[in-house]
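By letter and in written order, the chains are A, B, C and D; residue numbering begins at 1 in each of them.
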Amino acid sequence: MLRQIEGSRAVAEAVAACRPQVIPAYPISPQTHIVEALAELVSAGSLAPCEFLTAESEFGAMSVAIGASAAGARAYTATASQGLLFMVEALYNASGLGLPIVMTVANRAIGAPINIWNDQSDAMSQRDCGWIQLYARDNQHAADLHVLAFRLAEQLSLPVMVCMDGFVLTHAVERVDVPDQSTVDAFLPPFAPRQVLDPGDPVSIGAMVGPEAFTEVRYLAHLRNLDALERIPALAKEYGALAGREVPGLVTPYRMVDADIAVVALGSVLGTLADAVDSVRADGIRAGVLGITAYRPFPFEQVRQALRKVRRVVVLERAFAVGVGGIVSADVYSAIRTPLWTVVAGLCGRPVTAGSLRGMLREATTDRLKPLTFLDLDHDRVRRELRAVGGAR
Amino acid sequence: MSVQPVKFYQVGSWAAGNRLLRPEDRSVQADPQRANSLTSGHRACQGCGEALGARYVLDTASRVTGGRIVAVNATGCLEVFSTPYPESAWRLAWLHSLFGNAAAVASGVAAALRVRGDRDTRVIAQAGDGGTVDIGLGCLSGMFERGDDVLFVCYDNEAYMNTGVQRSAATPPAARTTTTPVVGAVPGNRFGQGKDVPRIAMAHRIPYVATATVADLRDLEAKVAKAIGLRGARYLHVLVPCPLGWGTASGDTIRIARLATQCGLFPVYEAEDGTVTATTPIRRQVPVEEYLKAQARYAHLFAPEPRRDLIDAIQAMADHNIDEYKLLDGE
Amino acid sequence: MSDKPFAITLTVGSSLANKTGAWRTQRPWYVSRQPPCATACPAGQDPQQWLYHAEEGYYEAAWRGIMAVNPFPAVIGRVCYHPCQAACNRASIDEPVGINAVERFLGDEALRQGWTVPIGPLTGERVLIVGAGPAGLTAAYHLTRLGHAVTVRDANPRPGGMMRYGIPAYRLPRDVLDAEIARIVAMGVTLDLGRPVGDLRAELAAGEFAAAFIAVGAQRGRHTEIPAGDSARVLDALSMLHDVAEGEPPLLGRRVVVYGGGDTAMDAARTARRMGATEAVVVYRRTRERMPAHDIEVEQAGEEGVTMRWLSTIAEVGEDRVVVERMRLDETGFPQPTGEYEELPADAVVLALGQDADLSLLSSSPEVAVARGAVTVGADLMTDLPGVFAGGDVVDGERTVTTAIGHGTRAAAAIDAYLRGDAAVPAGPVREPATVDGLNPWYYADAPAAVRPRLAAARRVDTFDEVVGGLDVDTALFEARRCMSCGNCFECDNCYAVCPDNAIVKLGPGKGFVVDLDYCKGCGLCATECPCGAIDMRPEQT
Amino acid sequence: MFQVRIHGRGGQGVVTAAELLAVAAFAEDRYAQAFPSFGSERTGAPVAAFCRIDDHPIRTHEPIAAPDAVVVADPSVLHQVDVLHGLRPDGYLLVNTGRSAAELAISGAVTARLCLVPATDLAREHVGKPLPNAALLGAFAALTGLVRLDSVEAAIRQRFSRPVAERNIAAARAAFDIVHAAQREASNA
């Protein structure tokens, strides 16, 4: 049903429609509105049967999800930022054990300095933890991706992280067609675990594995993860047909057909980028946007195809690797193997404006853009600070 | 003349079984059909107290529930020696996740069972002292506080044995570990540190908290059976001597555990809803020396010259337990 | 299962493929040790072995265990001084097991139930036994079981020897004695009573008997020269007890002095009390500590009003008094006269100074060596005369009913072997002793000895009723179960329970346990925690 | 696209106001996007909320830099934050106050489209609490004509329980009427 609704609420209702059976949660901004809404739905009895547990930490919350999933229950939780980092050990365990947990990450920067605002440093720091990572471009996408995530997770016996920009999406009240129960039920069958803790048919889950088999275990996990690249488009198509709308799957090209400069990005900035692209095209700059939804596994082939004819590629990063630069850039580069520009923008909630993006595009097309650029960087401030520490360069 | 009730004085209630007892009155471990939840072929050291404790606990739980148990295991010796690929020594539904999260994982399993309407299957979480009193305490406290339907069993061998005998918050004063070497004025572990986790558990006002050792099989089995019979969060703290870490003969594991209780250093008791309701009295009291002397980790208390001061301090701890838990107030 | 995630998820119980027995440097070994009670029993019984049955309430099986050695459980259960209990390891925990009381209970139970012992196929051999005392009748019992025809001759009109003529009825009721003898006779033993054997050589000349067993006992009371007036009444304890047993009690008067310090002296004094003596004084030349009489006898005599005069000898006996000289012990512990005299009123003096065997039946057999009044025999109790054996009080050794029964049993075995032409009696396996430090006493719950009820001491003085009562069913069971089964497995399941590797296999009731060497790591827990020390750890040879 | 910025203090419900405005637009089958100024401001601190309204789907997620209208729910922030920042020269400025522009020291030159409404007084009168949101939305509808009064009422009904909703609707109508009357005066003058 079409609603003017807050992103967190829309996601909570989409998750509830997926009939999760165990929801452990530990509060952290900007994830709170999601779990608050789910707590309300469980208490009200409109999500049943379901156990909502308030954990003592994010580490505890993910651990409860691990136990629940291993015991055959559909498990869901949500977190952000420091909370995701506090979970790290358990994240690797959940993927290593092949437990199809679904988790929302309300993307937020990582301290220090302590902060609460949006960027994607948190999820990016966990790109290698073995979870599938999907990034929502808006709240409709976020709601739909959760439904898709449960089916995908359970098909592959792998955990899935649905990333949505904190505040920018979680707290934005937008028009969303909230997935209704009948549509979800038609798409998502009851959880049939690949392995379950059953006294009637006992197994030992979580063995210690040494050099004799660990490489094979990892390689098999890699193949299973890659399998998602085949399944995501199919699932997006199937679910989109049921829901009556297009659901972006692996990647989303915008005006890429004749583009000779493309911006690659993830998340809520894609909408603003589209506006910027439209306006620079009015100035004759043939720009396009390649939105990436599935970041893990990385859709190398789709990215290569989409950027095949493009002369200039800019990767817009909402996080960055200190001492290196772009994070997504590295993946895009290994897909296309041609030089590209990395633009780090919107760290910790700094607005990414259409104006700045237009400027960026103009600089890129006129070859004035540095290979690694920090959008809207306060150069005076930086110079002053460098002088102050005597480290002028 | 007064006819005395016929008892089995040959072994009383102390040995595992007795051909004079009805099978149902014998200990679970005397049963030829016992579950052997942790079966042969595991890689525990000779005389491992933890291997013994785990089988005692799980076989009893298995008998009481008719085999409907799920065990969640923290990282540690027990996990490593029981399930090195490609062999598992467990004969029940078992899950190992991480070092510090056994309680939380068990909470998740319990939640899953609850939501599936399965009230028959019972959940047991097990960890060593490190996984319980140190890295696992946060999750454990959360499990207690929420009252999740889990029996958490700590197999306490008083140090991190899996990693090579380093100090834990359960390591007793004066004990030598690789991180509390025998140098300085007070060799071995410092006095006045450590946590009394059974007491911490009691402070959560959970329905059942008990301590036990591998030296008193029937007491241990009775406590497991009682705990399984209750709902909500329950905690069992079992002393399991480690021949490797304690420097004892592999055949002395049970004898050492017995000495720990008989000298008063390890009080054996039960608590319900936060209050001590029963203690197991000392039967043959011994001075702490007898317990300490048998262990290489305390060798520095006796040679090169005896450290009377430290031994007295340890005796004082035992005496304090004896007073606090009225361990000499007879049966 | 292939559908399980590779390596991370494993099949339960798959560790059985890992044979940890390879780690072992030593292995547990189930052993059987010799319990101290068995070592101590003069009759050669193994109390632990029959207590094992009694613990389960299998009283007949327990009784048959006794009967394999001793045909007089009811008698021994009363008159034995039970060295088995003195040796019992349980003494170091609380009190010795009341083996003797259980034996008596079993003996009485057998008489109540009328249990009997089968006899083997007849061999056609005939054996002569001289003396119907404990040694003779025991030998007759065993030989009869083995199928030999036995004739027992005795000078007395009734069988039992010292059991009848030496031990007063208040210690051994005659119905009990008669019943246990009757059971032996009923097996086909020929009793030839009131028929003394004057000359054994002559007796055997007829060739009727292929072997003989001399068990005439020590019937002759020792005498000492004491100046006595014509009217002084001086009796010999043995004949006094004999006459009392025959129902012709001698006149003693009100004041009786008994001279001597053995059990017979106590019997005489206590009998005198029962015959109406108001004063019964035992005069003995040494101290209480050096008195040969068993403590229980002295104790009970005291309870019955018998008084003692230590360090005293009788110097002279008058009509109504005796003169007593005080003695002192010299450094060697030997009593020396002091020259101090005093008088005691006495209507009669009973001499209990020890007994000698009457060996006149060997007068025409000089080849049979005799030393210090005892027949010399070999380990098999055979005299120098082939086929002629001797036992009981006529040979050297402790003069108790229990010892005599032991001789009877050994002699029977030796005679049987002799008749079969076998050389030696097959000796049982030699077992290591089960010492108390081999036990793990923790597992034995504390238990006091069952109370053995006694008649009020006051009643004893005017009746010959039995002084010491017996155990009832409950207390007998109770007492039997106090046995710790030293050195021998009693299936407590400890080894099975304490093995961290499940490497002990339980074979089932009565079958014990075996070690699964595929998995036993040799930790030794089973040996340490075995309550009774029935497991050894033995090094693996490398 | 029409963009609104609402200023106030934490706890005064400016975020709710922006949301109600978006819902009102949604009720007219238009596209809207409401969002708060993301932060951890506590009660009493100056806060802002935003709302976009358009006839086409809204793709951008950048903050609003150049609003077409600014609503000041609490005049005490007037000289604390630059409420006029980025306001279009012909933009609307709606201030909750019972006083005059002079008293507030806002020079009339700021914008031609200045509107003062005693929303808090109206709230006290109709709602019984000093919560000016509904009144301000009523005034906003009258001032800009961007959304209809009945759409505002629908949004209020959707958000609040019936009695509370009705009281707020009364306040909204009162404010609407005041502004409407004032506008007619101006146009007649």
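As a convention for this text, a contact is a pair of C-beta atoms (placed from the backbone, for glycine too) under 8 Å apart; a residue touches a chain by one contact, two chains touch by 3 or more.
Keep in mind the model is a prediction, meaning the values are calculated, not measured.
S.K.: Select the chain whose centre, defined as the mean of its C-alpha atoms, is least distant from the mean of all protein C-alpha atoms.
M.R.: Per-chain C-alpha centroids compared to the overall one single out B.
S.K.: When the contacting C-beta pairs are counted for B-C and for A-C, which pair yields the higher total?
M.R.: Result of the comparison of B-C and A-C: B-C.
S.K.: Mind checking the centre-to-centre distance between chain B and chain D? Centres are C-alpha means, answer in whole Å.
M.R.: 66
S.K.: On a C-alpha centroid basis, what's the spacing between chain C and chain D, in Å?
M.R.: 115
S.K.: I'd like to verify one number: the distance from the centre of chain B to the centre of chain C, where each centre is the average of its C-alpha atoms, in whole angstrom.
M.R.: 50
S.K.: Once you find the CA centre of chain A and the CA centre of chain C, what distance in Å lies between them?
M.R.: Comparing mean C-alpha positions, chain C is 93 Å from chain A.
S.K.: Residues of chain D that touch two or more other chains: which are they?
M.R.: Not one residue in chain D touches at least two other chains.
S.K.: Note the residues in chain B that touch 2 or more other chains, in rising order.
M.R.: Each of 82-83, 85-86, 88, 90-92, 94 in chain B touches at least two other chains.
S.K.: Where in chain A do residues touch at least two different other chains?
M.R.: 97, 202-207, 209, 213
S.K.: Between the chains shown, work out who touches whom and classify the graph as line, ring, star, complete or other.
M.R.: other
S.K.: What pairs of chains are touching here?
M.R.: By the stated definition, chains touch in these pairs: A-B, A-C, A-D, B-C.
S.K.: Per the contact definition, I'd like the list of chain C residues that touch chain A in the complex.
M.R.: 1, 3-12
S.K.: In the complex, go through chain B and note every residue touching chain C.
M.R.: Against chain C, chain B makes touches at 1-4, 6-20, 26-27, 29-30, 32, 36, 39-44, 46-49, 51-52, 55, 82-83, 85-92, 94, 217, 243, 249-255, 258, 283-284.
S.K.: Any idea which chain D residues touch chain A in the complex?
M.R.: Going by the criterion above, the answer is residues 18-19, 22-23, 25-26, 31-36, 38-40, 57-63, 65.
S.K.: Given the complex with chain B, which residues does chain C contribute to the contact?
M.R.: For chain C paired with chain B, touching residues are 7, 10-20, 23, 55-56, 442-447, 450-451, 453, 469, 472, 474-475, 477-478, 481-485, 490-494, 496-498, 500-503, 506, 508-510, 516, 518-519, 521-525, 527-529, 531, 537.
S.K.: Spell out the part of chain B that touches chain A in their complex, as residue ranges.
M.R.: Spelled out, the residues of chain B in touch with chain A are 67-70, 72-73, 79-80, 82-86, 88, 90-98, 100-101, 104-117, 121, 138-139, 141-142, 145-146, 148.
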